[in-house]
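In the two assemblies presented below, subunit A is common to both, partnered first by subunit B and then by subunit C.
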Partner chain A sequence: MEGRADVLSVRELEIGYETGRGLVRAVRGVSFDLGDDESLAFIGESGSGKTTLGLSLVRLLPQNASIAKGEIAFRAASEEVLDLTTLDDEDLRRFRWEECAMVFQSALNALNPVMRIRDHFADTAKDHSETNGSLKGRALTERATECLEMVQLDPGRVLGSFPHELSGGMRQRVMIALGLLLNPRVLILDEPTTALDVLTQRAIIEVLRTLKVEHRFAMIFVSHDLSLAAELADRVATTYAGRIVELGEVEQIFYHPRHPYTVGLLDAVPTLAGGQQELSSIPGSPPDLIDLPTGCKFHPRCPYATDKCREEDPPLIEVAPAQTAACWHWEKVGSDWEARGGEIHERDANRA
Partner chain B sequence: MLRKIASSYLLRRVAKALITIFVMASLTFFLIRLMPGSPVEAYIANLVTQYNVSYENAKQQAASLFSLDLNAPVYQQYLEYLGNLARGDLGESLISRGVPVSEIVLAYLPWTLFSIGTALIISFSLGIMLGMLMAYKRETKLDHILTNLGSIVSSVPDYLMGILILVWVGVQWELIDITNMRGSLSPGIQPGFNLTFIGDAFYHASLPIITYVLGTIGLWMLTMRGSTESTLGEDYVTVAKARGLKERRIATAYVGRNAALPPFTQLSISIALVFGGSLLIEWLFVYEGLGYLLYNAIQQRDYPVMQGVFLMITTMVIVANLLADLLYSRLDPRIRVAGRD
Partner chain C sequence: MSGTPIELEHASRSYGSGSQQVRAVDDVSFTIEPGQTLCLVGESGCGKSTTGRMTAGLLEPSQGRVLYGEKEIDALPDAEKRRFRQAVQIIHQDPYASLNPIRNVTQILSAPLRRHKLTKSRSELQNRLRELLETVGLTPPEEFLKKYPHQLSGGQRQRVSVARALTVDPEFIVADEPVSMVDVSMRIGLLNMLLGLQKDLGVAFLFITHDLAVAKHFSWEGRIGVMYLGRMVELGPTQKLVREPVHPYTRALISALPEADPELTRNKERLSLRSPDIPSLLDLPAGCPFHPRCPMYEEGLCDTDRPAEDAVILEEHLAACYVAARELGQEDRIPESSRAAGAEAARRTA
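Let's turn to the complex of A and B:
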């Protein structure tokens, strides 16, 4: 955004999976910028390409996936701008975790079962010692202790433990702590709370919120959990069928959505205050990414769909300062929403 | 005390091994003593008819040889046998009069341990390395060739493998001098810590070792290939990549280390099989280990020696299993806490 230095710029990114049935277009023409200390949430249903997008930022796409076009520019700590799509293996290896760390969805199995937590820290530090200077012995323990304290774990207990001796929530926190070890510029969190119970989810959200306030680094969340986005994100991008359909500040997205899909997502979440409002799910299911519908990809499920929607895919239209939505009928969507009274979604504001 | 034993994995495992050895020793005793036409009776009858010794004398001789008191009730003989066993007294050889069985068995044991131990170490480490290579290069020509080789060698029985080596490499192609390779050492070589001795020991053990390696390596290769492939799909391997670890480190400490656990559990089973197979293999190559000793003892009806060899082989298998299990619990921390059984 204006005046803010962007650490990451993605332009017109296209990613496809080669499958037996044909090309799965998981990410289609995605563009966004990420500010230095900004947190951006990608929300959407399963299969909307969020995880693929996250993986592409550390170039960890599965074998059958490839970046068809687009660019990912990353401004490294050295102010050098790296083009992630063309980075060679060794540069890529160093880029990972030093510049951009990623906490995965499957935290329970993210740690090597035969290694103590301490050794996970040691391993990571050792293989990045060329750029970070060697961090070992006492200095390593100190740094690991610091990171574990940031995520509110007891380092004395955790460092000497094996992964199976820790609970799921603790393992997820260890992964976040491990992510902080090398002071990355960007931390990507892919469904960081999904596999956890509600209380543990809260604890993780608290940890992340504290981190966000106390430490300056950019975060990208990939989640279908709106409350996570509401509490942690500065900006929110709604993704549908592999593209961003609405992008704006968190308040704009939650209080003034202009895309019918965002509205649908918000209506599917229960509110704390209002018991009267009925929950509604979005009819239909996400489209087949191999055989996409013509025009706007959301039109088969959209109550506002017209002939124009069936023929022409809408571009991202500026609907408010810093807010864009890809909908031909955004004005009508907006006025309907405001008429219903956006305040029913205020629970998020109350909590935050 | 009992509770302490029960709570410690190590103690529990050692206790279990001791119990197994005890059961095994008891079975050996009752088999020899109570089978119809038992070796003891046969021996007595033999003495009486062949050497015209009086029955009483023959019985006394038999008792001293088997270190059994044949007049005592069976349970007393059994207790005495156990007592002797605990002191390492297995009786005396029938053929080499006056030589304790334990002495004979201990003289042959090192060669069996040496050849089997070396073979298992070579076969296991080579097998898991090849298995990993196959998984990393899966669906390539190399993988197909190695997979087929692995299944072929693991489906040929080891004694057949030995015979094939003997017949083809030794007799038909005359690539090696099988007559000179007989025995466990060349004549005149003194045991000692020097190159000549070690080289000669390996020279004589080489054919049994090659046979054991060929007999077991296929299993490790195929198991390791499968477990590496599934380990490669584990989340912690992807995460290790995301952490920017070096390929080498990931392949060893993350993939290999975890993938080697399933083949390692098969090691215990394999040890018993190889020990059993060694009886035939040693005879085949005239390698002077326990198997060779047993073969000769059977030929000469040297019952105390047979009994001694049986006991020694089972004890070795149990001890080897115990070691493999303890090592496994070191390799996989999850076992240490949860315990087993």
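Let's turn to the complex of A and C:
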């Protein structure tokens, strides 16, 4: 995109898992760019390949996974462009945490139960002692304190605690603070608010908002929760069966979707504001990634499907400036959605 | 509508003993009439499941009573107890733990049918199983009949739990987070199916969820009860409670909830809490249990006595808050000791 430096560019990425049953095609032909102060959300149901994509960006894929194809180009702080798919171990270690940090989905269990939080920080810093020789002792404590304050935790109380002495929301924030330790440029967060209570979710969202607005981190969120994207994303990618099926600015995706799957998701999520809503599920269930349907992978569940859809997989088509959708019938989908606009506005009017 | 009301009367339940004893549910009362829905919401650990299990007769209250009709469940004569066991079903929160791993779907679903002698022949049984699986959206049924729980996804297991609850044509279902494991795109389908049971068959529900938006969708015509640290802090008709919440905790929950609409959620008014941390049940604050976090806290008034669940009464709508009571002109419902402590604190700071 013009006028913005991209920190990350992913092209035609394909990732598969080798399993006894066959090859699981978890990521298929994914391409996107991330601006250096941008937040991008990937939304989609479980099993759509979101975690796999996140893991590939920090090269932490499990043993049985392999990148079959594609390119992940990262522009480091030094302006040097790294190809992540070919990075050697040494560079990789430096890259992780210093350039790009990931906060994992199961963050609640990711902390070592017998280690104090202080030692978790020391551990993360230790791996990087060659490049961050100074991050020891006082300097380390200072930086850890700063990071904990950024996530609104009291360092005096938290540093000396064991994980079990902290609530779920506090542990999640500790994980984010650990991610910040070496001041990375990109933060990847996998389901950062899933399984947390509403008030705790709110605290995490506000922390992430501060990181985004005040500290200008580039962020990638991966979640099945649309409201997280609505809160924090600049752009949203809807993913289905391992692929981006729609990508656009957050307002485009929520207010002017052009892919039937995005429409289906929006129609399936209740809001608290407003009156009673007509909500419906998307019929059927997501496909088996080992044995994908022909043509458009969404066709067995799609109300718009035609013969063409069953035969040919649609490419991402530009449907508006900065918005793309992988659907042969996006114009019809769009005009139906906009025709319902009146009904949706009525719903908004009720939101007093 | 036929059926029998279920009532919790000042029910409490403690776990543990000695200094480790916690009151997971403390003095909770409500009645659910036949065909009615009550949704319980609140943060993890606030006592929703414990309340649900007492209501379904699976857990005895340590104090107070659970009534089926006029009678206490434990005092029901055998025949009526059998009727209760059939009429009242529970869908457990954790479908991993509640389905026997060595039984397949056919065995899981046919056990209650046999126990209550609800099908007369093999073919009738087979038809009923098929019908049940179709009702919960596990289609085609043949694909699922022979499967064991470990061969199903979390969402599918939850559907099997729902199907099992439906085997005996219950009149009352306690549904404990029945859709939490189901994918977003399919969640509403399962909810709408349960709503259909309510509308078409008049099944009553105690529906437990931590998601207020789901509660609103499920009990639009019913009520919502908000629990905090084992107590019911607000209970009222859904539409009123969502639009005009009375208790500061309910207001905090509503204002904190992220919504799937960028403009709405980014411009929503936020209530900030005095503290983000929920106190431990082992060390409850004096007076109102919400006071260390409450944005409306007033010294003296809020940390002396514990507001009763009906400190505020607005027709069918109750809330446990003294400040709200005063602001709604119900000062007479505040105990003298709290009023005096509040006045004293005000004098000191003046």
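By our rule, the second predicted complex is superposed on the first by the 337 of 352 C-alpha atoms of A that agree within 3 Å, B and C clash if a C-alpha of one lies under 4 Å from a C-alpha of the other, contacts with A are read in each partner's own complex, and residues count from 1 in each chain.
The criterion applied here is as follows: a residue touches a chain if its C-beta (ideal position, glycine included) is under 8 Å from a C-beta of that chain, and two chains touch if they have at least 3 such contacts.
Predicted model, so just to flag it, every value in this text is computed and none were measured.
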Query raised in the report: Just subunit B (first), just subunit C (second), both, or neither: which does A:282 touch?
Result: second
Report task. Applying the touch criterion given at the start, work out whether A:269 contacts subunit B, subunit C, both or neither, answering first, second, both or neither. Result -> second
Query raised in the report: Does subunit B (first) or subunit C (second) touch A:93, or do both, or does neither?
Result: first
Query raised in the report: Does subunit B (first) or subunit C (second) touch A:19, or do both, or does neither?
Result: neither
Requested in this report: May I ask you to decide whether A:210 touches subunit B, subunit C, both, or neither, giving the answer as first, second, both or neither?
Outcome: neither
Report task. Please indicate which partner A:230 is in contact with in the superposed arrangement: first for subunit B, second for subunit C, both, or neither. Result -> second
Report task. Scan A:335 for contacts with subunit B and subunit C and give back first, second, both or neither. Result -> neither
Requested in this report: Identify the partner contact of A:60: answer first if only subunit B is touched, second if only subunit C is, both if each is, neither if none is.
Outcome: first
Requested in this report: Classify the contacts of A:165 with the two partner chains as first (subunit B alone), second (subunit C alone), both, or neither.
Outcome: first
Query raised in the report: Considering each complex separately, which residues of subunit A are in contact with subunit B in the first and with subunit C in the second?
Result: none
**Report entry** Complex contact set, residues of subunit B against subunit A
**Finding:** 234-236, 238-246, 249, 253-254, 257-258, 331-334, 337
Report summary line: subunit A contacts subunit C in the complex at 45-46, 152, 167-170, 193, 197-203, 205, 224-228, 230-231, 250-251, 254, 264-266, 268-273, 276-277, 279-283, 285-286, 348, 351-352
Report task. Give every residue of subunit C touching subunit A within the complex, in rising order. Result -> 43-44, 183-190, 192, 210, 212-214, 216-217, 220, 242-243, 252-254, 256-266, 270, 273, 276-278
Query raised in the report: Residues of subunit A touching subunit B in their complex?
Result: 58, 60, 93-98, 101-102, 104, 106, 109-115, 123-124, 127-128, 162, 164-165, 175, 178
